[in-house]
Amino acid sequence: MPSTPADHTIFIPQALARVRADSPLVQCLTNSVVTGFTANVLLALGASPAMVDIPEEAGPFARIASGVLVNLGTPHAEQRSAVVEAARAAASAGTPWVLDPVAVGALPVRTALARELLELRPAVIRGNASEIIALAGAGAGGRGVDSSHGVEAAEESARALARTTDCVVAVSGPVDFVTDKVRCARIAHGDVLLTRVTGGGCALGAVMAAFAAVHEDRFAATVAAVAVYTVAAELAAKEASGPGSFAVSFLDALAALEESDLAEPTVLS
Amino acid sequence: MPSTPADHTIFIPQALARVRADSPLVQCLTNSVVTGFTANVLLALGASPAMVDIPEEAGPFARIASGVLVNLGTPHAEQRSAVVEAARAAASAGTPWVLDPVAVGALPVRTALARELLELRPAVIRGNASEIIALAGAGAGGRGVDSSHGVEAAEESARALARTTDCVVAVSGPVDFVTDKVRCARIAHGDVLLTRVTGGGCALGAVMAAFAAVHEDRFAATVAAVAVYTVAAELAAKEASGPGSFAVSFLDALAALEESDLAEPTVLS
Amino acid sequence: MPSTPADHTIFIPQALARVRADSPLVQCLTNSVVTGFTANVLLALGASPAMVDIPEEAGPFARIASGVLVNLGTPHAEQRSAVVEAARAAASAGTPWVLDPVAVGALPVRTALARELLELRPAVIRGNASEIIALAGAGAGGRGVDSSHGVEAAEESARALARTTDCVVAVSGPVDFVTDKVRCARIAHGDVLLTRVTGGGCALGAVMAAFAAVHEDRFAATVAAVAVYTVAAELAAKEASGPGSFAVSFLDALAALEESDLAEPTVLS
């Protein structure tokens, strides 16, 4: 059970190697803005994306998928049925699934849906500070996908949410915070350009599903997903002239990431 | 009230600086082909995109958004309800909203919808020549998103539409034409590569919503949006080897655009 | 009627020139993940994409389109109605249409739909080995969009499907296989990076629709589509540092492809 920064430094490159070797099948029920980028991020990582998000297919597929992402960015009526079907099937089959409650708290339809989904035992919840605070019941959400709260302000909410739901909670921001109810970790990598590419946060949820698919320890898997993702972003930023070239370099960097890129400690205690 | 080319030359860089400083929240109800590119264009510009396009959320969100884009490229049933809800809320709250009547005239469902939306007082209408002619009732539309008419042929229709709807009308083409019922301007920038990237026109509608969000003078704001967008396209074309690298460079150029890039007059009388 | 490798070597550059000269209007009813990339591929090729995929518009548009693509990747309820409407109108108007039965066999909704669509006489069916085997009734499909069968294993199924449906069948893989009930061809170009970009296969279906739109001989047109697409992929791979830059270079390469790039025989007997 990796807990300390030193543990994570050993675990993270192994975790990435395992994702690449197993190429987990990650079912994504995600918003209409980021489907393409999310699939490309999973392909660059070495996982196998499948965007199966209609009723009557989403449930059966969640039973054979290795991991599932449910992102509430554009929750159209048909997709609302499909995500409940998929989450229920995943919970019943033991398939780890990640909940990304985009703009929860600020908008009514998805807020009700997120509450319903919380009962279906996600393995991981990923959001920005405002979303995690709203989901934990401690605030009223942000504006769209922006976060009006800092990550530190959300740490208490994240811990509370992890306790009540018994899952891993990850708060994205300049310093990412990951916690289960016992352990916690902070990852201070990434680049501000990641916030200038649509799907920069959403695709991380899919990467968490890929890591959770192949590792029993969901906390360590989530920390590894964040570390891999944000270290690749740092490498990409060095090559980029702006947000357009950054998105391209980021996919290249994810695909090319080597063990040596992850040799330094990336996790703070 | 900027009216002359010299006025615009002073106003355009100020307008861009204001968009970047205020980072207006732009709600996009747009077609399924260009959602990602549109969001990336807004992010590169410095605005905050939010693709809130389902019934029961679209209306409430339009009340808090700074600007709204309604693009009719793929008007699915649920989105048709959502765009009417959003346009109505925007009109009632005084939020400026942009109508992009993609392929209006040529296809029945969107043509009926566009007529309904015209009653809800858009701040700006953006289309190609065929679409503007069709919307003004003067013709039968083009084929899909292509324009079979030249911009000049649409000038009379644009003026008539601006008079009857009391909004700004922008016709996209090799030379863009913008008019309210009093003033008009022509912008002769851009690059043919912009027509080889899907969303090249659609994302401009979102940029117009961002500029209208932070400037009372909707005519001057629309002229500035076109100038910024097409000058960035020219700079990007210089770096590009084809349509793929052009799309990337265009996002980089939008993000990097400096006051000096806009120092020369970009608007014709 | 091009049949031999030598025939194809003469025909392929002519076929590409014809697509570029005619710029066929290709209606795409495709999955939500790849709409943007598919449109960009068609634009880079020189064709005109139009994503008209709602009921009451899809049928009328299929009568005026030059070619139609029906891809079953994310068959939402409204799109299911629209694809049947479009395929029926295309069949009745003589518009060639391409069926891409993504993940057929593995998932129930699309499998039933694919069976219904087969009755509406597609000009071309494109799939990976598992999909073609499943559609021919000889197997139970793959996992999502991956193919768990090799192309060779699917050749018999492809021939059988071509015989029973009287259409061209194309099996994508490291060596592509194309057959009508009489002729067959193998194309051994492309690059593994094409499988690391989402839509790498789906967009080929749209390119086949563009080629079928302007050539009576649908078999030769399909072979040419595969050759152009996979030769462009090879050229792009030489410029690429990974899957992100490959997708960009691929669009550039498609747009820049010259007759001399197609001068060597690309088709095996």
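Each chain gets a letter, A, B and C, in the order it is written, and its residues are counted from 1.
Heads up, the rule we're going with is that a contact is a pair of C-beta atoms (placed from the backbone, for glycine too) under 8 Å apart; a residue touches a chain by one contact, two chains touch by 3 or more.
Please read these numbers as outputs of a predicted model, since none were measured by experiment.
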Chain contact topology (line, ring, star, complete or other): complete
Same vs different contact residues, subunit A with subunit C, by half of numbers used: different
Distance between the centres, which are taken as Cα means, of subunit C and subunit A, whole angstrom: 33
Shared-contact residues (touching 2 or more other chains) in subunit B: 32, 35-36, 247-248
Of all residues in subunit B, those that touch subunit A in their complex: 25, 32, 35-36, 39-40, 43-44, 48-54, 56-57, 60-61, 64, 78, 247-256
Residues of subunit B defined as touching subunit C within the complex: 31-37, 73-77, 103, 107-110, 143-146, 195-199, 241-245, 247-248
